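Two complexes come next, and they have one chain in common, chain A, joined by chain B in the first and chain C in the second.
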Partner chain A sequence: MMVRIDQTAKSGVASGLGGRNRLRLVIVGFAMCFALITGRAAQLSLLAPEVKKIVRDDHYRIPRPDIVDRNGYLLATDIKIASLYANPRKIIDVEEAIELLTAVAPKLDSKVLYKKLTKDRAFVWLKREVSPAQQLAIHNQGIPGVGFRNETVRVYPMGRLAAHALGYVDVDSRGLSGIEKYLDDQGALYTASLAKPEDRAALPAQLSLDIRVQHALTSEIKKAIHVFRAKAGAGVVLDINTAEVLAMVSLPDFNPNDPRQAQDLIRMNRVTSGVYELGSVIKAVTFAMALDTGATTLEGRYDARQPLVIGRARINDFHAQKRILTVPEVFLHSSNIGTARMALDVGLEGHQAFLRKVGLFERLLTEIPEAAAPLLPKRWSKLATVTAAFGHGFAVQPLQGAAVTASLLNGGRLIRPTFLKRERETVDGFAKQVIKPETSEKMRYLFRLNAQRGTARKAAGEALGYRVGGKTGTAEKVINGRYSRNHRLTSFIGGFPMDDPKYVVLVMLDEPQPLKETHGYATSGWNAVPTAGRVIARIAPILGVEPRYDEEERARLTKLRSKDQGY
Partner chain B sequence: MLKVVNAALVVGLIMSAFVLYSLEHSFRKHERQIIALKQEIHQEGENIKLLKAEWSYLIRPERLERLASEHLQLRQSRPYQLVKHSELAETIPPRRAVEPSDGSTDLIGKMLKALQ
Partner chain C sequence: MLIRRTDRGLLASWWFTVDWLLLTAVLLLMAAGVMFSLAASPPVAARIGLDNFHFFVRQLFFAGPAVMVLLAASFLTPTLVRRISLGAFVAGIGLMALALFVGPEIKGAYRWIDLGPFNLQPSEIVKPSFVVAAAWLMAEGIRRPDMPGRWLAWGLFGLFVAMLTLQPDFGQAALMSMVWAVMLLVHGLSWIIVFGLAVLAAAGAVAAYQFFPHVASRVNRFIDPEKGDTFQVDTAVRAFENGGLFGTGPGAGSAKTILPDAHADFIFAVVGEEFGLAACAVLIGLIAFVVLRVLRHAQRAEDPFHVLALCGLATIIGLQAVINMAVNVSLVPAKGMTLPFISYGGSSMISMAFAIGLVLALNRRAARAVPTAGGWRPLVAA
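Then we have the complex of A and B:
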């Protein structure tokens, strides 16, 4: 013991110093640990104030963009709708649950409910699409085992209006037709450009359609179908300088909120997914070609005294004049013989080349995926050129006809039509000059003349002052492989105002019937033409076209005004 | 000396713990508020969408046309009802000349007579 004490005593200073050092070491160690913890705590609390998400956010997907018209009116949108479901295994008192549910939602059938709620399943739908008020009422009843699930539903508030352009979606919100399909498929890049990921939202897709014009066109064509007991009708209004489709209708139509109807063949979109022999409308193309290539001039003359004989076929005129016609007269009387001779003057090669240039040989593709390819003669013979000159044996989409007519009237610029809003400046980039501006000037003259004195008179009569110009077409439909005299497809295509064309209007009626009021006629001049006139009279004020009258019109105007007591 | 320092540290510790926990408490409260508000904004956004759809449904041109024909005395305007400013004078229907009831034609003369 002694030794030990002595040892400690002896090495007192040294061992004391050693103890203190050790103590210091421990203190420094602890201090470092604390500093580390404090530093880390400060770093966590002050430097990184990131909040950890507590609720799960299930709107990760960027929503389908809304669709609006050119003025911003809503045409299609997604809304959340609650659907009522139940877990029958969790329901304690079935009778009570049924009683409570039917008290709030009288439309629920108690027998059906009983069957559903007594099933041995974990999930049954009770009611799809419950209104917010009902949802609240059912929620407040607090029935165990009954709940709601939110479902996104695509709705088209304007209903049938512009249904063919809009298209529709399936139950999983995938576009099946029209612009809706475009947004998913070819237009996926466009759709992506609308997305705003930071807000998990998307800008609306803005169409070129104008619902006011669309409605005017729809209601006039609907009236015409009713009056002339036609099978179907269609119409297009195109901006002549940008080729934007302001309105497109095909009747009978469907309600995109109930797309099952859309499967009917009769409800198809006649404007783009059908091809038609547009008849005399195509004559305008032949005229433009002949004038542009210099094969003829406005002073040219054509012999229409005899039917044109090509091989075994004889080409006759519907309104036979049996004399030598000037070029404007050929246009006004819609002479098949004259037009055919014109095409022959240009030649088979030139005719084909021109039709190819104006795009009538290929399928017109717009945003709307339903686009039919033109039906062309299999072999381009002399007879094919002759018939194609006046639009027989050669069928295209009506929209194609409208686009080509726009190019004939707007100074010769062929522009691909679009259903999306387009700026006028951007058009210059892809407009294709197909005829000379002077030829376009001549076409305007012919179109206007035809509306003043020719077959399109009634259009100008209905839309006084709007300087309408147009060409009419009455094509016989092919029934069982033969042209039928009694099944007609009548059409009007024209533009207004002709001194500075702004819009192209196309109206087409399928099998309009002759009436007493039309003196037993069922040609275009008696049905499609006045319909187009009424459309123009309705849309011109909406589109801001100012009426201007010549002397003749002024006289009719005074008569109309004095007749109208409401003035 | 050491005791005082220790006591001060303990007090400091308790105080800072209190401050820390109360801060965290209010922080949590604000966090919940933010989430609730975000949900409310989302809900309102959905409501706005629903109302917009409803509005669009109500202003269908076809419906407006029907309502206008039922409840208003208005008709569709005709092109001949539009008159240019410069042509206004010639389109005003001729006014019937005022004929004095007593057969005399000098209206102003009559007025002057009445004044005297």
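Then we have the complex of A and C:
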């Protein structure tokens, strides 16, 4: 207490407060705080960077670049469309407004209109997407409190054609699937949004698709699904040297202008987002491997007299020949036993190494975000290798199968497929040599031979003169965890013209039914193969492949012509 | 009616002795608060499904009682100021205890008493009354060294902070600790103890950081905005940037449409966006004027009670304003603190009005007391 009195005496104030001089400190402290806050507020307000001036992002639809096919045909574009709104607070005479509006747009319900226009709001939508004629008429009526807002809408003028490749957008024009999603991820949207909406300065995205080929493929697959009463079907046409996707279809499909259906599982993109046991492709891969590693030659022979017994499993042939087959015969008869023995000759490790080399162990990624990973055997036992040699227990994307087949036929260069237009020269930078060019030549021979005398005969028969080569596959589908004899997935993979391969065609049918015309058969040779043949017959002229007939074909052609004249 | 200086009536003596400048500044602030509420609160009300003018109407409704409390308190004599404050303190602490048991739980805390149309937050009323009661006890301790006034004041402080911690309301507890520290400083605490307390406070802050996840997360987010959600503060900063010097104009701002606390803790940001830096500067100026003027009065006051009470009341208002605005301009980590006179909140507004009323009462020239040898003697006229 004494101390305090002393301090009081020192401060010269008779209050008895030791620290009253410290009030000055408090005052100065507060003054500094207020000055600091003012300074900071000034810094924020006056020195703000210009770009940060948006506090809330407005939900305007984003302008998107157009999408065109490889020849410049428009596949997707933005169009501007007016939408009708009203400010009910500014409407003077609600009855009159309703009368005028319904006179021009009879589809507007006057009761709904009345409810909307009497609301205590500053903004209500009356009709989204009004036609230009209606817009003009309503504009000319001059109703106070009624106006238009321009919105852009994404439109796909080709409708369902190439829907899976293009994908679709949501109401705010954000890409949700396919190339549209890819554009979003690539920032093309950002680029386009920088361009003024009036002048379409943003360059269109050019795809590898050829819409004419797309149409031919789609219509043939659709026909096949109908004729063979299949559940679904899919097809791909690849440029063999650049791996550009010229056409890709998966039916049933959807209309990107109204993408609500797109979510149905049945409408998924079977070419990239589903994986299948593509016996046709995988057998060809086994052949290429065995020939390339020197495990066998075209003169090699394989014993197919007895089923191959591995542990408790017996491997049979579908068309059992019960004899010793040469390598081309194994290919022609699609012998499981022969193919399995071929894989065993290469060895388990060699087999896996080769499958990995051709990329079948990895998920194939293209521009399209929907991409499924392959389904592989959990353990590579001897049995797994043997069955994988002819495609059992080993499922990949059909597009992956097409790309691998392209590499077997094009001289051995594995190229990642693309949906964007690509020059042949750019491919050299990343093409991967997976088999020797000589092996590729042998594969072309086998493919062509198979179309002349083997299971793919009907493809060549439908596309006379186009030197078709191909391999077929009939996989039994797994129903409730077992392979079912009556649920098949048939496929054809091939190329044309085989003397200088340019295009790969893949056709796949899900559960085609046996018909009287196919003599009760429902294997690939009776449905997928002739479908592929018709596809080739339609697209070859479009793609500029000239027909050249050999003696046999000339004879058949003459016969067909005379038949035509007979009618 | 002409009020004569010779009139010795209650009203007349008030009229000639009240601090008109201070009163005007505070009334201006309250009017500004109502106006800003009109700008900031409708989107908040609309967002939570209330009538657009819900908060505005309530703010207007509370402004009436607040002005009445202010004026009524300003008529008090120093003796009444002390007695009413002590009474309010006891009643407030009682209500705080009651709230712990019967109060509604809001966001995990029991701070309110449900009075039907609105929730009363008793701690708000305790704040100014605590300052006055503590100042009185301390002053008594100086006047009569045989009285343990200082320790009783410490007791009041301990009780108040304990109640706040129970609710829990760490923000208010921290605020009152700072106010108490300023009062101790002015009372004459030796610098050694001041530094000791500062170390203790730092330790407390570290402990809060360690043991209370929400404190830790707020600090972390402030130091490293990448780490988490700094949505409110970011939006506030962008609001100032959007506002510029003169603002976007009333109603044209957009921060209020997304800021959950646009009408309360972040109203300063809304002012910054819609009325611009100019209005912010005026607002800061008004608040600074009020705070510094009260502190000046404290400096000039002669008896310890006045000095301590005025200084404490000014510090409550000043600290709350400084912390709130500093959060808004992203100078310190986010802390829930209302902007005195401006933010929405009935209890807070009445509490602030009560504080200013007490200041005006203590500051009336005629009502001042001078120490004499025998004790306190009221000074009839200045």
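Note that the second predicted complex is superposed on the first by the 486 of 567 C-alpha atoms of A that agree within 3 Å, B and C clash if a C-alpha of one lies under 4 Å from a C-alpha of the other, contacts with A are read in each partner's own complex, and residues count from 1 in each chain.
Operating definition for what follows: a contact is a pair of C-beta atoms (placed from the backbone, for glycine too) under 8 Å apart; a residue touches a chain by one contact, two chains touch by 3 or more.
Bear in mind the structure is a predicted one, so any value in this text is a computation, not a measurement.
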Original post:
Between chain B (first) and chain C (second), which does A:23 come into contact with in this model arrangement: first, second, both, or neither?
Top reply: second
Subject >> Touching partner for A:171 - first (chain B), second (chain C), both, neither >> reply: neither
Original post:
So, A:265: does it touch chain B (first), chain C (second), both, or neither?
Top reply: neither
Original post:
After lining up the shared chain so the two structures overlap, which partner does A:46 touch, if you call chain B first and chain C second: first, second, both or neither?
Top reply: second
Subject >> Which of chain B and chain C A:92 touches, first, second, both or neither >> reply: neither
**OP:** Figure out whether A:309 sits in contact with chain B (first) or chain C (second), or with both, or with neither.
**Re:** neither
**OP:** Name the contact category of A:557: first (chain B only), second (chain C only), both, or neither.
**Re:** first
Original post:
Residues on chain A in contact with chain B in one complex and with chain C in the other?
Top reply: 54-55
Subject >> Interface residues, chain A side, partner chain B - complex >> reply: 51, 54-55, 59, 73-75, 77-80, 132, 155, 157-159, 161, 211-212, 214-215, 218-219, 463-466, 537-538, 540-541, 546-547, 557, 560-562, 564, 566-567
Original post:
How about chain C: which of its residues touch chain A in the complex?
Top reply: 142-143, 145, 182, 184-189, 235, 237-245, 253-255, 257-258, 272-273, 276-277, 280-281, 284, 287-288, 291-292, 295-296, 298-299, 301-304, 307-308, 311, 314-315, 318, 322, 325-326, 329-331, 371
**OP:** In the complex, go through chain B and note every residue touching chain A.
**Re:** 31, 34-35, 39, 42, 46, 49-50, 52-57, 59-62, 65, 75-82, 84, 91, 93
Original post:
chain C touches which residues of chain A in the complex?
Top reply: 1, 4, 7, 13-20, 22-27, 30-31, 33-34, 36-38, 40-42, 44-46, 48-49, 52-56
